[in-house]
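Same chain, two partners: chain A is paired with chain B first, then with chain C.
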Partner chain A sequence: MARLDLSDLCFSVGALDILRSVNLTVEEGTCLALLGPSGCGKTTTLRCIAGFVQPTSGSISFNGQPVVGVPAHKRNVGLVFQDYALFPHMTVAENVAYGLKRRSVPAAECKQRVAEALELVQLDTLADRLPRQMSGGQQQRVSLARALVIRPNVLLLDEPLGALDRKLRDQMQVELKRIQRDSGITTIIVTHDQEEALSLSDRVAVMFDGQIQEVGTPTTLYREPGSRAVMEFLGASNILDGTAVSAEQDGSHIKIRDSHTLKVSDALESGRDVQLGIRPEQFLVETESPVGRENSIAATISEVVYKGPHVELYVETEQGLRLLAQRRIRGIAAQDTFVIGQSVFLTVEPDAILVFGR
Partner chain B sequence: MSEERDFRLVVNVLGWAAMAFLVFPVIVTLLVSFNGSFFIEFPPSSYSLEWYRNIANINKIGEATLISLLIATIAATLVTVMALGTAMAIVRYDFAGKAALTSFLLSPVAVPIVAIGIALVQFFIRLDIAFTWYSLVIGHMVLVAAYPVRTIVASMTLYNPNIEEAASSLGANRWVVFWTVTLPQLKPGIISGFLFAFLISFDNYPISIFLVRGGLTTMPIELFNYISQNFDPTPAAFSTLYILIISLVIMFVEKRYQVISLSVGR
Partner chain C sequence: MLVFLLAFYVIPFAEMLRVSFGFWVNDPEEVKATGTWLYQYEKAFESARTMRALWRTFELSFISVLITFLLCYPVAVMMLWLGPRIRSAVLMVVFISLAASLIVRNYGWLVVLADQGPINNLFVGLGIFERSQRLVYNEGAIIVALVHYCMPFMILPIYGALIRIPPSQWEAPRTLGANSWTTLRTVILPLSAPGIFGGTTLCFAICASAFVTPLMLGSPSTAMISQVAAEQLLVQLNFPLGSAIIFILTAFTFALVFVYAVLVRRMLRVDV
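This part shows the complex of A and B:
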């Protein structure tokens, strides 16, 4: 177990800069999700940490010990590949024992540790199977056991749940979280799935275009992202251009596209151009006009998307402002049915509006 | 539905016709080998095992078969080891002339075998090793080199290279990764490549005819010599035994190593 530091990590292939100064710290025993769109450099970062590629410049250290230049097989890093990469010619137990054999662990201890690892991932009864005789979810867990049994400095998971179907993914999320917490191994999960990142990690690092954009706990990153780009990447959002028109004691008014005025809780000087970010679930959707309330927008429903636990409502105001709102469905009665063309009123609390500079 | 039926009919007819073309000569050989009369006749009017007993009378057949076995084993082994390196280079790395080398190695050898034989004998005479074991082994290596390259390349493109990185992250150095992961994964390609090389070398006539003289001789050459001077069914008996043994070997290897059928045309 170790603290992991990446500092000023750069990686280029020819003239192409894949990593452009990545700085990141993962505290001992914590789990960080490296989240970004495909091609942002997250897998390259992982490969640099594992030692499969050497960074062009910058440093990587485990517990303050620099590891750049140390070959992959001496780094003691546990890796779980998206396609599991199990050894097809070895049984489950042999797969898990592979790393211990390379470390010349005595046979008795090896056997015991393999059994423990398989128990941790609840596969102790399938030790003699071959990988091809197992389901995707089981192979995933073998791969995890194989990486954990060597007691790695750092555990790296590359899109660990990407190849699993929805239901199994939800199960494995809970499972993975438990295993990570129980083992206390410093972990990095690379993913492009924001839900996976938010639910699995202690902290999330959002990566765009070869750089870390923002690091924070899942809650702060979702609720108070530092930039428009991060807000848009993490979940659904409404982004509105506006200009501050008046400042008050408890906030300021922002005029959006000549049509509406929204109150925000930030104090902004008059005339400043800003962008407002509103999560769809922050809108209160009502069918009756909420008389005298602040931040209420009248609109017409243009599309209704049923999502099970909630409905997504695409609405448009008379002035042509388009918004996405969400309404949770409670009860089984039909009073929550919305139809296209229906008039609704969206209300949002001033402190639920995020303000980004422009 | 009638087009479906027509399609199946055509496929079935073609399939059975192909089977018949492949199997019919074998059946004829088998029946003729049990022929009771001195002359090859089909179908035989009487049956005997005489021609099996007569195999021993083929000139130098034991010695020639042993030489063929040895030459085939040595040539196939050397070629398979070399093919392993070549296949890795072709699949894993980029280098100048790769495309040319690949198409040369992966296409069936385009030069007529007789031409290769003439070229080889001239070459060996220059080197002063003509009509020796060396020339025979090297000649056969030239003949069979393409086959294991093809089968090993095929099995390399089938496997997931991530497993090598997985092994290395688990603490295996380059050599250990090769022995414990790469090699076992390539086993079907290696074994079937070796088998192809062995079989093609073992019953080769057109190359060997240029490379043997005097005491150094091979099984197909002695068999052919016998055929050109005798008309009895002894070679059919020998061929039947040969087919039987090879079929058993292939069946065993297929069962034991699950060698994927990596087809090679020539």
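This part shows the complex of A and C:
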């Protein structure tokens, strides 16, 4: 277990900069998700920490001890590969014992630790199976046990749920969280799946183009992202261009597309160009015109997407402004059924609108 | 494919098998009258020369295959790490030796290993030999030539097996504390077992049936089993005995390969 620090980590291949100054700290025992689109450098960062890639410059340290230059097999890093990388010619128990054997752990202790690790991932009854006789979810848990049993400084998970089907993925999410908490090992999860990142980690680092864009708790990042890019990457969003027209005591008015004026709670000097971010679920969708309320937009439904717990409504105003709204479905009442062409009114609270500079 | 196998492989083979159970025109009359259908096999097993040749065949084949494997496995592993262009170049070099006929190649070895040949001159020059040594017409020369001939047949199956191993299998042992050598020994070597099995079996079959190479680079005292069989088939025209010897070689080779396959399966838990 260790605190992990990356500072000014850079990596280039020829003229191509893959990592440009990555700075990141993961506190001891916590779980951080490194989230970003493919090609943003998150896997390279992971491989730098594991020791498979030598950074061009910058430092990596475990508990303040620099590890750049230490070969991969001496770093004591647990890595769960995307394809699990179980050794097909060894049983589950032999796979888990592999790292202990390399450390010359005495046979009796080795046996006990393997049993403990398998118990942690709830596979103690399958110790003598070969990997090919197991399901994907079970293989992943073996891979996790194999990485945890060596008591690594840092546990790295590369797209841990990527290869599992939906149902198993939800199950493993809960399981992974429990295992991480029980083992108390500093963990980094690399993923491009925002749901995975938000649900598994204590903190999320969003990475774009070889740099960490923003770090925060899942709640903060989702509710109050610091930039438009982060907001768009994490979940669905409406981004609107606007200009501040008047400031008031409790906020300001923003004019969008010469047609609508929305009130936001931030104080902005008038004339400033801004971007507004609104989460689809922040819209209140009504069929009757709400009288006397602020921030109400009349629109027509152009598409309805049924999602189970909620329905997604793609709407368009008379002026051609396209918005995405979400409405939770309660009961089986007919009023919750929306049809294309129907007129609706979207209302949003001023403090649910995020303002980004342009 | 099946027709081809039947026409060119099964039928001649069956015919040879039938001949080997019969008698030769020059076999003694009382044998023809009282001998069993296994007479030719009894005769072969009773012949000390044949048995020595058989043993020598397996011995030389085993040594050659072992040396070929030790030389070729590192080559195959290194080919994985090379860029595509250099890799093609290496493959070319490997294959160029196949382009020349076996006789030309063996003649090459005769020249290289000759009494006044480059190897002798080099070793005398370096002071390793006091004076030139006889390097040809012995078992060593046969092994050298067999190894040379076998290399492509060893490298390709092993390379084929190695390239199918996912990169994560090289990396996973490293994260668990294994250095490169341990990774190779505990994971890569077992996972490439199908290729190793293919390469070694192929080379063993090539070596065990070698005829021209021991003929050119060996001496009568280093005769391998094919030469003994050829003497019967081509010189004595004793087809029954010659066929029987060939069948003994085939049977032993099959038995060895079978035992080998079972061992590899058991020990490494890989299908070969």
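Here, the second predicted complex is superposed on the first by the 358 of 358 C-alpha atoms of A that agree within 3 Å, B and C clash if a C-alpha of one lies under 4 Å from a C-alpha of the other, contacts with A are read in each partner's own complex, and residues count from 1 in each chain.
Methods note: contacts are C-beta pairs under 8 Å (C-beta built on N, C-alpha and C of every residue); 3 or more make two chains touch, one makes a residue touch a chain.
These figures come from a predicted structure and were not determined experimentally.
J.: Just from the overlay, do chain B and chain C fit on chain A, or is there a clash?
T.: They clash.
J.: Between chain B (first) and chain C (second), which, if any, makes contact with A:164: first, second, both or neither?
T.: neither
J.: Which partner chains sit in contact with A:325 here, chain B, chain C, both or neither? Use first/second/both/neither.
T.: Neither partner.
J.: Check the residue A:99 against both partner chains and state whether it touches chain B (first), chain C (second), both, or neither.
T.: both
J.: Once chain A of both complexes is superposed, is A:130 in touch with chain B (first), chain C (second), both, or neither?
T.: second
J.: Mind working out whether A:146 is in touch with chain B, chain C, both or neither, as first, second, both or neither?
T.: So A:146 meets both chain B and chain C here.
J.: Same chain A residues contacting chain B and chain C, which ones?
T.: 50-52, 71-79, 81, 83, 85-89, 98-99, 102-103, 146-147, 150
J.: Mind listing the chain B positions that touch chain A in their complex?
T.: Residues 159-160, 162-163, 165-173, 176, 180-181, 184-185, 187 of chain B touch chain A in their complex.
J.: Where on chain C is chain A touching in the complex?
T.: Counting only chain C, the residues touching chain A are 166, 168-169, 171-179, 182, 186-187, 190-191, 268-270.
J.: Using the touch definition up top, name the residues of chain A that touch chain B in the complex.
T.: Contacts found on chain A: 50-52, 71-79, 81, 83, 85-89, 98-99, 102-103, 146-147, 150.
J.: Touching chain C in the complex: which residues of chain A?
T.: 50-52, 71-79, 81-83, 85-90, 98-99, 102-103, 130, 146-147, 150
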